[in-house]
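Some notes on the structure that comes next.
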Amino acid sequence: MNNILNQIGIENYIFLSVILFCIGVFGVLYRRNAIIVFMSIEIMLNAVSLLFVAFSTYHQDAEGQVFVFFSMAVAAAEVAVGLAILVSIFRNVGSITIDNLKNLKG
Amino acid sequence: MNTNLSLLLLLAPFLGFLINIFFGKSLGKTVAGIIGTLTVAVSFAVSLYFFGQITASKEPIQIQLFDWIQISNFKVDFGFLLDQLSILWLLFVTGIGSLIHLYSISYMHDDEKMHTFFAYLNLFVFFMITLVIGSNLLVMFIGWEGVGLCSYLLIGFWYKNQEFNDAAKKAFIMNRIGDLGLLIGIFILGMLFNTLDFSTLKIGISGATDLNMYWLSAAAFALFIGACGKSAQIPLYTWLPDAMAGPTPVSALIHAATMVTAGIFMITRMNFLFDLTPDVQSIIAVVGAITALVAATIGLVQNDIKKVLAYSTVSQLGLMFLALGLGAYEVAVFHVITHAFFKACLFLGSGSVIHALGGEQDMRNMGGLKKAMPITFGTMLIASLAISGVPLFSGFFSKDEILLVAFHSNIPLWLIGSIASIMTAFYMFRLMFLTFFKEFRGTAEQKHHLHESPSLITLPLIVLAILATVGGLISLPGNSWLNEYLTPILPKLATAAHHLGTTEYILMAIAVVGGLIGIGLAYAKYIKQDSIPAEDAAITGFSKVLYNKYYVDEFYDAIIVKPINVLSGFFRDTIETSLSSLVFGLGKVTNEISFQGKKLQSGSIGLYLFAFVIGLCAIISYLFLAQ
Amino acid sequence: MINIPDFANASAVQIIFCVLAFITLLTAFLTIYSRNPIHSAIYLVICFFSIAGHYFLLNAQFLAIVHIIVYSGAIMILFLFTIMLMNLNEKKEVHRPRITRLGAIVSFVLISLILIAIFINSKPIVGEYTSTGEDYQSIKVLGKVLLNEYMVPFEFASVLLLVAMIGSVLLSKKEKLEK
Amino acid sequence: MNVSLILIILFVGALVTFLAGDKLASKVALFFGLAAAGCSIVLLNHFNLGENISFISQWISKPNVSFALKADGLSLAMVLLTTVLTAIITFSSFGNDYKNAKSFYALILFMSFAMVGTFLASDGLLYYIFWELSLIPIYFIALVWGNGDVEERRKAVVKFFIYTLAGSLFMLIAFVYLYQKAGSFLIEDLYKVTLSATEQFWIFLAFFLAYAIKIPLIPFHTWQANVYQKAPTVGTMLLSGIMLKMGLYSIIRWQLPITPLAASEYKYIFIAIGIAGVIYGSIVALRQKDLKKLLAYSSLAHVGLIAAGTYTLTLDGLRGAVLQMIAHGFVVVGLFYTAEIIYRRYETRVIAEMGGIRSQTPKFTSMFLILVMASISLPATFNFVGEFTVLYSLSQVNVWFAILGGTTIILGAYYMLRMFQHSMLGETNSKVFADVSMNEGITLVAIIAVLLFFGMYPKPIIDLITPSLEEILNQINRIN
Amino acid sequence: MNTLIAIIGLGVLCLLLEIFNLTKAIVPLTIVGLLAVLGLTISEFNSTESYYNDMIVVSKFSTAFSSLFIVLTIFLVSLSHNFYEKHQSKISDYIAIKIFLLSGAVAMVSFGNLAMFFLGIEILSIALYVLAASDRLNLKSNEAGMKYFLMGSFASGIILFGICMIYGAMGSFNVSDIAAMSQSAELPIWFPIGIVLLTIGMLFKVAAVPFHFWAPDVYEGSPTITTALMSTLVKVVAMASLYKLLSVMNADISESFKIVVVVISMASMTVGNIMALRQVNVKRMLAFSGVSHAGFMLMTLLSLSTSAGSLLYYASAYALSGIAAFSVIIYVCKNRDNEDIVNFHGLGKNNPLLAAILTGSLLSMAGIPIFAGFFAKLVLFSDTIESGYLVLVIVAVVNSIISVGYYFKLILAMYTKEPNEERKATPFVIYAVAVVAIVLNIALGLFPSTVLDLLV
């Protein structure tokens, strides 16, 4: 069976993931809307997942793909908890702008 | 036997001290006085016994009690050395001491703390004995500092007056300057000879062949500084006149007869050292001569009766140092003894006068006491004649010997000494004339109370006057018992020729004439012209300089005391605070950084993540790009 | 080195990869850039789909489907649900201060440049990519790996989800004592 | 029977005192203090009979630390000083009414425990632990029971603590470094370590920092005067009487033998620092207005001289230093106690507010005067023996050191007598000054008795410390 | 493995107990259960085994640290009862989350596969996010939860990326395989990058500079008991697993990496200590103190092969003093809306025992003998000097000095300021926990060998 990486190259997947990851990082830094920030984190996780799959193909090994399941579980759990926190903040403050969270400082 | 006796000698006064200090108050004044006197008398008796023993055997008595201080290459015993010199000193210390104790019983009777006074006096005698009989420099040093302590206590006996306390403090500190010198001398000697014992030192120094002259001179000089402090020589003499703040018996005992002669004792003790260091000897001679002259000039114009005597003492001590410096230890010793007699007599006499006048010390307010106090007058007159060098009185012999020695070695020194002697005669008779002659110048009330002192006061005066008269007999020119007695201590005496030639007689004549001139001048001025010293404010010209003691105190104050105090203030206010704020400063800076740092922790997630990312970038680029 | 795709001679796979990569990056960027959260969410869904496309490309069909289900289905619904719940719209968000945006851009540029530079600097993978020919990514194999070798982590993941569940409940449940 | 007994007595004493309650605390503490003093005398007896009273047991395997207590003459002398002074200090506090007395007295005993440990420990780490441990009690004593404004006190005490801790931590680095070389913290092993000149220099410096701050030597003394002033008198006594001796003792025990090369290389500098302290301390003391501050600076001057003595690296220097340490310990405790006695009556420490006391209290005056005289080392007091030996050793190194160091006897007399004059003499003070009570009298007499007895007969102590000092000197002079 | 199963079982039991309306029994039962688990763990101490395809590898290291975690959890659970007095209905949730958190922690030190590690750290993190935000009516708690969540997820992303790179290089998640392969010469650069990213992720968890910014805010905002958990248990867990990660996967890390560690360690100590100086809030102060302690613990990474015992000792000493300190803080700050130092004024008079305990724990943190904190620092210094980083030790010492400044600020407040209110009754549990923790700390100080020699 032909390895698909012969046509694309693992480097390209790495670059893709890295850039995607960096976009995620950028999003976390750039946006102040908590939901968008969450989404950015999801982008980061997805970038890594993509790389996992690429490496899984690279090694012709199933473990990488199995790990993606775990990463999905983690992502789901994080989103659940994160949104729960967000909701409770929203109930208290009425806003989800993370810049407003500056009471703790110094 | 000897050990026990020597302990008795030493501890009897100490016992007196203990009894008086602890139980004196309950014993009552008279008993305290008697105990004080008796204990010293016991010491005197023991001294007499030892004197008899040593004249018979001529062997010094060495007593070792216990190890005291251990130094790496030698150890210092606590021991006594009773030889001719120390016994001689013991005799007049305890002898005059007993007389003065006796005198004090009456003199101090009105003072509420008489028992304390006697305790201190006893303590002084105890320390003085320690000083004299110590077998090594350190034991001597115990006594040396101990008498300084007693001097401090007694000068400041009337402690409610802060001026007296100042005087006491000054005396102690001046002495301590000398003591440091003495200590340094002790160190050098210990370093050089690995012993501080007099007898071994003597063997070590005289026996050694390759002596390091530099260090030897240094040691001798350092010891001399010590002597300067204790015996009130230039530049450390200013404490002695101030020390007259103490009760008069104290001035007589400590600041005239005994303690101040400790320096001479020590130098005589260490004669084997000084003989080897001619440079130091000349310094001693010069210092002595200058001291004699300077003090005499100051004495010329003083109006306080005790101050006159004090400067006289300084001047006489200067003469003794002159003799020491010229290597004539026996002459110095001789003068010490005669001086002890007549100066003690003078002080006690002045004490009697002061007593009679209810504490008045200014001669301008005296006069005409001759009739009221004949015994006092008589004894003081004898003593004055003795100190002025009138022939046949003891002072004549001793002073003359000094001048003789000076003439033989150095004419300028002789000249200075002679001038000082003339001045002595002048100011002594100035004192006599102002005090006893003419009319009484004090208040009517004082006049009403004028009386001769009680017999307890006059008795010592008479004894001392007799001694002042006949004291010269112990060392008649040409046939000196003293010289013979001291030969074991001063080996040179055995070889020194003692002949009286024409020169000597001429010199004697000059001295006598000089003394008479001094007396005559005084007579002319204070009896003939009937002049009375001017009030303080009216003194002008050079006599003002003299009256103010050449402004030496002010000078010392300006160049030493004030600068040190200013320095102290500077250290306290500037250096201390800045050192302290330096340390605090470190803390403050850290705190300030912390305070600024708090601003960085702004609470903004964006910033935190930014730091995170930057940190990440830095680490990764350092590890993977910089390599 | 980055291989500039040679479109003229590109194989279908390569073209698909490029297109998918472009869509992924673009939508990811738009997700962040878009000012309306709803739009962001939609872009994100597209992004997830394109990533699923990558999975398909890599022949990981099962994973691709799961991915779509979990992300585009569950997680995105959760997001949208929250957005709706909070009734957000773009007007509420004000621009961040310039300095923050600058910081974000700087760090974005920095981190991507550094990471890419490192990978470019590293030794390129030479030679053929091995292909064992064995089946390693079918549902069957994945199931075996997951439930044999990775049984413990699999079970442990349940603890994770349990914690998340308790946590979410804890954070939103009203207490009896509370007023 | 070995030296750990003293430690046990003191530690148990601290606990029992704490549990005894406020009323009994002082008496219980005194009992244990006396017990410890008695125990140390008994042990001294055993030691003199040639028995081995050291104690050693493995404590930590990695790093290799032993619980090693070695008692030689030097240690025993210091232990004796500590225990006897602890008893005296405890007794001296009887006139005062302390809040929370149980903690107060427990802390005193605990501090004594730590200090005894410091003097006995022959394992570097154990020594360090005791060294640090002794800091905690004094911190609290000064902080909680001190006097003066709370803020000021807090500042002074915290400065003291941080400062001393800073110094000792550098010592810890030195120890750890040495440990890496020696594989053990035992002092014998540390002596055996061969170090290059550079290493010696840095280790020497690290030790010096710790000790210079503790003793304190200039210019590291800035904590001293303030803490002495702010601490309760008991604390001041503990600090000045015993604790600063820890630093001096450590120079002899640890610093010099471990880094002999550096010590002999740089000894002139350190002697000079000591002597500079003498002069500086004396001059600053001249114009102090506060009695305790004046005594603090006088202490600075005295310890400067002692430190200079140790750095001469001669037997005389070491011996004189030890003698002077003991003598100074007693005299300074006595002097601070007189300050306390005056404070109890006049509630002031400002010298200008005193004066005219002598006429009311002859006994107190006499005792005060004897202490003053001892502190300016009048011959026949213990201090003279020490000071003489130290100055002698300095003159062996260079006569100028002796002359400069000897200025202490002039300047010391100056400031002490001035203080005495203005605090005690003069017109009778209008405020009544009750003469010393029984307790106060006993305390002072005990101190004076020690000073005078050993002033005349220091031989027992000299004989006790000399062999161990010779041994240390051999270590210092060993050829690397 | 048994430990892990038992802990999870216990967690589930907690949840079940609530269903059966046995809320009162939850805390005691949990404590008993944890004690049993502790016994179980200790009994496994000397058996080195691996379970389920190397998913869990039980070693001395893992059992020792697991025991420490369990002990800490026992303390924290004991304190919970009192702390959650007003939230009795939720107590089972709180306790269960803590127990699950413990299971995550145990997984983090006994993993044999990176998947287990990842899941462990995620369980830990998510549990913590929840706990930090758990006081949900309190805005501070919300903020703390949110901040922690955002930054934590970010760090999780980094960790995941690191794991991915390792996997890319090695083709396996099994650490023993990875270790074996890391010895071979030809490694793609992905591996070191992965390790570094993983390390950075973990540095975030231990709150090392410059990844520490979250710590003070989160510590301050979280409910006190959660802060206690974070500053003791979680910090120790993160440090231990970082140590384990690095030591298990590649035996020797490169010199330049060590330099990075040195710099981060210095920076953490310095920043932590200096920033703590001016803090008014005690929790915040302890957060910065924790940052500096992280810096200290990072020193163990410089001598990976030998310093496991030192790390265990330091961790125990630090965590025990932290527990003691926090139990006092919980007592003092109960029913107050902040944890400012003002609240501690006069504690020395009001409650001398607790004041003494707090003093003791602070002294331990400052590294004063005879407390365990002293030996902890000592062995660290010793190890570090041995590996040749004298400068780092000197910086550490200077930092110890600075640290005294703020620790003593609190002590001073307790002993020299006047109390501002009447003393209140102290629950027995708080006394018990504080006393036991500080006694354990001192015992460790007196007999350091017992712990130091465990992992030889």
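For clarity, chains are labelled A, B, C, D and E in written order, and residue numbers in each chain start from 1.
Methods note: a residue touches a chain if its C-beta (ideal position, glycine included) is under 8 Å from a C-beta of that chain, and two chains touch if they have at least 3 such contacts.
Quick caveat, the model's predicted, so the values are computed rather than measured.
J.: What are the mutual neighbours of chain A and chain B in this structure?
T.: Chains in contact with chain A as well as chain B: C, E.
J.: For which pair of chains is the number of C-beta contacts greatest?
T.: Chain pair with the maximum contact count: A-C.
J.: Which chain's C-alpha centroid is most distant from that of chain D?
T.: Checked the centroid distances; the maximum from chain D is C.
J.: Can you tell me which chain lies farthest from chain B, using the average of the Cα atoms as each chain's centre?
T.: Relative to chain B, the chain with the farthest C-alpha centre is C.
J.: Which chain's mean C-alpha position is nearest the mean C-alpha position of the whole protein set?
T.: D
J.: Using the average of all C-alpha atoms in each chain as its centre, how far is it in Å between chain B and chain E?
T.: 78
J.: Centre to centre, by mean C-alpha position, how many angstrom separate chain C and chain E?
T.: Here the centre of chain E sits 31 Å away from the centre of chain C.
J.: Rounded to the nearest whole Å, what is the centre-to-centre distance of chain D and chain E, using the mean of the C-alpha atoms as each centre?
T.: The answer is 42 Å.
J.: What whole-Å value do you get for the distance between chain A and chain D if each is reduced to the mean of its CA atoms?
T.: Distance between chain centres, rounded to whole Å: 66 Å.
J.: Going by the touch rule set out above, which residues of chain E reach two or more other chains?
T.: 115, 119, 122, 126, 129-130, 133, 136-137, 147, 150, 154, 189, 193, 216-217, 405
J.: Which positions in chain C are in touch with at least two other chains?
T.: 96, 100, 103-104, 107, 111, 115, 118-119, 121, 125, 149-150, 153, 157, 160, 163-164, 167-168, 171
J.: Which chain D residues reach two or more other chains?
T.: 162
J.: Please list, in label order, each pair of chains that touches.
T.: Every touching chain pair, ordered by label, is A-B, A-C, A-E, B-C, B-D, B-E, C-E, D-E.
J.: For chain E, which residues are in contact with chain A within the complex?
T.: 115, 118-119, 122, 126, 129-130, 133, 136-137, 139-140, 142-147, 149-150, 153-154, 156-157, 160-161, 163-164, 167-168, 171-173, 216-218, 220-221, 279, 284
J.: In their complex, what parts of chain C are in touch with chain A?
T.: Residue positions touching the partner: 1-3, 11, 13-14, 17, 21, 24-25, 28-29, 31-32, 37, 40-41, 44, 47-48, 51, 54-55, 57-60, 63, 66-67, 70-71, 74-75, 78-79, 82-83, 85-86, 88, 92-94, 96, 100-101, 103-105, 107-108, 111-112, 115-116, 119, 124-125, 128-134, 136-137, 141-142, 145-146, 149-150, 153, 157, 160-161, 163-165, 167-168, 171-172.
J.: Within the complex, which stretch of chain E touches chain B?
T.: Per the touch definition, chain E meets chain B at residues 147, 150-151, 154-155, 158, 189, 192-193, 196-197, 200, 204, 209-211, 213-214, 216-217, 254, 256-257, 260, 271, 274-278, 402, 405.
J.: For chain A, which residues are in contact with chain E within the complex?
T.: Touching chain E: residues 10, 14, 21, 24-25, 28, 34, 37-38, 41, 44-45, 47-48, 51-52, 55, 58-59, 61, 63-64, 66-67, 70-71, 74, 77-78, 81-82, 84-86, 88-89, 92-93, 98, 101, 103-106 of chain A.
J.: Please give the residue numbers of chain D that touch chain E in the complex, ascending.
T.: So the residues of chain D touching chain E come out as 59-63, 100, 103, 125, 128-129, 132-133, 135-136, 140, 143-144, 150, 153-154, 158, 161-162, 165-166, 169-170, 172-173, 176-177, 179-180.
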